[in-house]
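Next come two complexes built around chain A: one with chain B, the other with chain C.
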Partner chain A sequence: MSQAWAIFKKEMRVYFVSPLAYVFLGVFLFLAGLFFYMGISMTGEASLRVMLGNLSVSLMFMLPLLTMRHFAEERRSGTFELMMTAPVPLWALLAGKWAASLALCLVLLAGTGIFPLVLAYYGDPDWGVIATSYLGLVLTCAAFVSAGLFSSSLTDEPVAAGLIGVILLLPFWLAGNAADMVDSPTLREGMRHLALLTHVEPFTRGVIDSAHVAWFVLFSFAFLFLTWRSVESRRWR
Partner chain B sequence: MISAQGITKRFGGFTAVDRVSFEVGRGEILGFIGPNGAGKTTTMRVLTGFLPATEGRAVVAGHDVFEDPMAVRRRVGYLPETPPLYPELSIGAYLRFIAEIREVPRGERTRRVGEVMEQVGLDGWEDRILGSLSKGYRQRVGLAQAVIHDPEVLILDEPTSGLDPAQVVGIRDYVRRLATRRTVILSTHILPEVEAICGRAVIIAGGRVVADDTIDGLKDAVGQGIRYRVELRAPASDGPTLARRLAGLPGVERVVPLDEPGDDGFEVFDIRAPADPRTAVARLATAEGWEIRAMERHAATLEEAFLAAVGRER
Partner chain C sequence: MKQSTRRRLAYGSNATLVTVMVLGALVLLYVLADLYRVRWDLSEGASNTLAPETLEKLRLLDADGEKVTITAFTHQAGKEDTFFKDRAVRDLLREVGENSRVVEWRQVDFDRERLTAEKLGVREYGRIVIQRGSDRVDIRDREQFRRVGKGQDRRTEFVGEAALARGLAQLMTPSRRVLYVLTGHGELDPEEHGPNGLSELVADLDRERYDVETLDLLRTDREGELPTVPEDAAAVFVARPKAALSPNEEDALLAWIGRGGGVLFAVDAGVPAPALLDRLGVTVADGVALQPEMQVPYTDRPIPVLLPHPITNDLREDKLAVILAHPAPLVLADPVPTGLRATTLLRTTRGGWIELGGRLEGGMAVYEPGIDVQGPVDLAVAIEALPGRGLVRATKPAARIVVVGDGDAFTNALVADGPGNARFAVNAVHWLAREDRRLGVLGSVGRATEVRRLALTRPELGMVRAISLGLMPLVVVLVGAGVWLARRGR
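Then we have the complex of A and B:
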């Protein structure tokens, strides 16, 4: 456990001593502001639905850039060898890295906290809905970070890892739209289950459904497991 | 402390390391030498547990590398060929992180980091960012991370490559001091380094161990030990005659004419003899009226031993 904590602290330090975290925060908050404005002016509602929905799509493109370095860069710079010859169990390495990226996501999301406050000043937002929406977004981040870790474990080239990450997540975004074009009802239903939006949408309505929570947890663990296998297997080659 | 037993490592169809076996005892500094691409790094990676061997067994500090990797990792300090640094971190933050994952107890970390920084000559450099360091300083940080948990076994992959001569001497001294309580394997292709600090050397070429002996033993194996080089001029006789006469001296085992007669008429010979034949040569030369320009005693060098061992393999 202390190993995972050490990895976590190191990763956070690396994020925050380099410009990366700040650039991310800047871009993310800019987008959030834009979506917030769009949402208010389009719907006239005191809600964050539009902003949070769009942010979740933005995260799909941004998070792989945040996670792409985890294994690719370590392997390229030789620190991977350090990790694999120090008494750090692989699970601790994965947990530390995953938690650090997720923590950075929480920082990004916390940065958007100003917008609900603005809503509260001018209107009467539904705090329950806002809370569940944020929960949905946190779960989305957890899932994306896992997928990003996996793509980072596939290559020594961080940029390639980032691209693979985006490509890996795209089907989960597109599956919902594509489902409408499919004739077979079974297939359509299957694709809907695969689609991110199916599982995010209830959260934006203020509903916490354990089935959807489970989908995110499963998604995260599945990719963490694949990452674990991938890192292990690459030592053999 | 370290026992490699028939380690073989294949990458696809390529055999990088082929049935490598050797032992290193406690307190020993073993030089692991070989041409580039001989399999040094691969062998070291197997010993640290980074790469699993295709065949064979490695026991390090009493634990099987494959069966009990965590126990081995705890007891080994490893400096890979390129020091594994996080360019964004400061030296202090990096070493504290290493101390943490290397399980240095919380209360001792700060003291330990200070200690090793001083030992490798980094005191006062806490806040320097790793990415901005020169090669020599990176290497020092690399060494510091390898010893921070006070390991029983140290595996150093070319610790002095790319350093300036003063830094090389510094690192060698440091390694020598470390070895009083530890077992060290040090790979290099710089032979004087091996002579300077190692008691024993394993020579590896084409993935195979081609020699494993003390430094003196290696030299003896090539050198027929010591030889004496004499440069003579005899106006009245030719080279072969001179060689014959020299060979006739008591105690001389063999006379080898060297292929560098030169236009000044001096002939050069290597004389192999168990006892120093130079006074006898001088007496003979005086009696015959030959001129002597030089007589030198040559000990075999590790270079020759190395080339001979590697050459046999080719």
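Then we have the complex of A and C:
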């Protein structure tokens, strides 16, 4: 556990001493602010549903850029071999990197904490809905960070890793819209299960459904497992 | 094959196999999680959780297995509350879809998908069309939303769940049925739109798929044949006759009861009650039933206690009051005649009495021992006449009869005033027509959800824009620049 913690601290340091985290946070907060403003000016409601719904889609494009350097950069700079020969188990490496990216996401989300306060000042928001919406976003971040880690493990080029990450996640966004165009009920149902928004949406209404929580947890686990296989394969490939 | 290649192949195959197995196990876990889901609704008032009545209707539809398609058309863009309205409908349908195997729904943009609108013959925004086989029920915007409050507090509330539940219940009745209202004795008029008419109740029954037609048992167009209650009758409504029924009419009603039919009798104080009520073990006593608890500001409108029965159960659950006006006291025979089963539906409170005259106090009648009769007093009863036990033929089902000591309770005036009057009347008709599974279909308006408005002036909105779009990102960028410069300086 201490090894995972050491990796976590090292990754957090890398984030916050470089301008990357701040640029990222600035862009993220601008987008969040834009969606928030759009939401309240469009609906006049004390609700974050518009903002949080749009943010979950934006994260799909942003988080792979946050995680792209994890393995790709290590390989490009030649520290990957060092890392693989260090007395750190692979799971600790993965857990540390994943937790660091997720922690940065939490910082991003904490930055949007001012918006519920604005709503509370000028209206009477439903705090249950706000709490579950944030829970949904945290789970979304966890899932996307896993996918981003996997894409980063596939290539030596951070930018390519970022792109692969976006391409990996896109079908999960499009599946929901595509499902409506499909005639076969079985296929349509299958695509709805695959779609990200199917699983995010209940959280934005104040509903916590174990099946949707399971989807995010299993999604994260699946990509972490794939990352583990991908990184480990470097040992025998 | 080289040893290194063989080794890679072995590792690769093993890794692929393990990966496929693990991914398969994860999919299986998700399927299980989807099958055995647990759900918490943390929204205020659990506004996303469907009412038990709606879930019951969905369960019945699932049991039937026939596909139900719900098409909801969007509201007019740019209008006040359009966003809220479309979202409220979408949220409701999403919940309905998640709770049923047979319901498929979609929300259609009325402006963009005109072809769908034309196909369904929809010409207005916000309509919901429910289809099941060849049956169809439409729910209009005004049935889904209502405006409440006054002045600045005026707001839109979504009450669509009750409307949808009603629509689903209507679909479960494959064809329309007929409630016959007896005529010829000065009864309440189903077509009358004034305060003393029944038009509001007729409209409610129409939504429940009952046609209301008049029934004349005095005349016949067939010589030598006595008039009878038509075979297609769901029930007969004897709506406060002001004159006594003829023996032939009473015989026709008794014959109908003998066939296991249902009759709703509404009687009033001071008008002759049908004689056949005696055979049903009900006497309409002299006087007026009163109680200390009246509808303000009236002195003769008691709000009776609802007693448990399929007709009243959902009213009791929803705490909906039924209001009567100047009701006649009913007395059940003790013991009830053989072959009958009687249940009191409405009764005065313990302080109720039968007013037979005497003095007034402040314009209000008061109980006077020695003159009045102490209560509580029955005001409405439900009777089942069991087959093969006298009134009903052995081969027929038990006949159902409801006697209400007040005709006014069904009129437009009291249907408007009494929160539970319409539902009581519709439930009574459902029970008489043996549509037990549809009892309570008017449904509670349920949890009405409303827009949680922000009280923002234009300058305040500008300030919010400045904070959210400018200030916050700027602070972060400045902190980042500071860190970067500090690192560079080292």
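Note that the second predicted complex is superposed on the first by the 237 of 237 C-alpha atoms of A that agree within 3 Å, B and C clash if a C-alpha of one lies under 4 Å from a C-alpha of the other, contacts with A are read in each partner's own complex, and residues count from 1 in each chain.
Convention: a residue touches a chain if its C-beta (ideal position, glycine included) is under 8 Å from a C-beta of that chain, and two chains touch if they have at least 3 such contacts.
The shown structure was predicted, so the numbers you read here are calculated from the model rather than taken from an experiment.
A.B. asks: Aligned on chain A, chain B and chain C: do they clash or fit?
C.D. replies: Chain B/chain C on chain A - fit side by side.
A.B. asks: In the combined three-chain superposition, what is the angle centred on chain A between chain B and chain C, taking C-alpha centres, to the nearest 10 degrees?
C.D. replies: After superposition on chain A, the angle is 160 degrees.
A.B. asks: Applying the touch criterion given at the start, work out whether A:209 contacts chain B, chain C, both or neither, answering first, second, both or neither.
C.D. replies: In the superposed model, A:209 contacts chain C only, not chain B.
A.B. asks: Pick one for A:21: touches chain B only (first), chain C only (second), both, or neither.
C.D. replies: In the superposition, A:21 contacts chain C only.
A.B. asks: Output check: A:2 vs chain B and chain C. Expected answer is one of first, second, both, neither. What do you get?
C.D. replies: first
A.B. asks: Once chain A of both complexes is superposed, is A:182 in touch with chain B (first), chain C (second), both, or neither?
C.D. replies: neither
A.B. asks: Of the partners chain B and chain C, which touch A:107 in the superposed model: first, second, both, neither?
C.D. replies: Touch status of A:107: no partner.
A.B. asks: For A:129, is the partner it touches chain B (first), chain C (second), both, or none of the two (neither)?
C.D. replies: So A:129 only meets chain C here.
A.B. asks: Now for A:57: first (chain B), second (chain C), both, or neither, which partner does it touch?
C.D. replies: Neither chain B nor chain C is touched by A:57.
A.B. asks: For A:90, is the partner it touches chain B (first), chain C (second), both, or none of the two (neither)?
C.D. replies: After superposition on chain A, A:90 lies in contact with neither partner.
A.B. asks: Tell me which of chain B and chain C touches more residues of chain A.
C.D. replies: Larger number of chain A residues touched: C.
A.B. asks: In the superposition on the shared chain, how near does any CA atom of chain B get to one of chain C? Answer in angstrom.
C.D. replies: It is 5 Å, taken between the nearest C-alpha atoms.
A.B. asks: Of the residues on chain A, which ones does chain B touch that chain C also touches?
C.D. replies: On chain A, the residues that contact chain B in one structure and chain C in the other are 17-18, 236-237.
A.B. asks: Note which residues of chain A are touching chain B in the complex, please.
C.D. replies: 2-3, 6-7, 9-10, 13-14, 17-18, 77-89, 235-237
A.B. asks: Contact residues on chain C for chain A in the complex?
C.D. replies: By the definition above, chain C touches chain A via 7-8, 11-12, 15, 18-19, 22-23, 26, 29-30, 33-34, 36-44, 47-48, 83-84, 87, 91, 94, 104, 106, 451-456, 460-461, 464-465, 467-469, 472-474, 476-477, 479-481, 483-484, 487.
A.B. asks: Considering only the defined contacts, which chain B positions touch chain A in the complex?
C.D. replies: Chain B reaches chain A through residues 11, 45, 48-52, 70, 73-74, 76, 78, 80-89, 93, 97-98, 100-103, 145.
A.B. asks: Help me check something: in the complex, which residues belonging to chain A touch chain C?
C.D. replies: Where chain A meets chain C, its residues are 16-19, 21-23, 25-27, 29-30, 32-34, 36-37, 40-47, 49, 111, 114-115, 118-119, 122-126, 128-129, 131-132, 180, 185, 193, 201-202, 205-211, 214-215, 218, 221-222, 225-226, 229, 232-233, 236-237.
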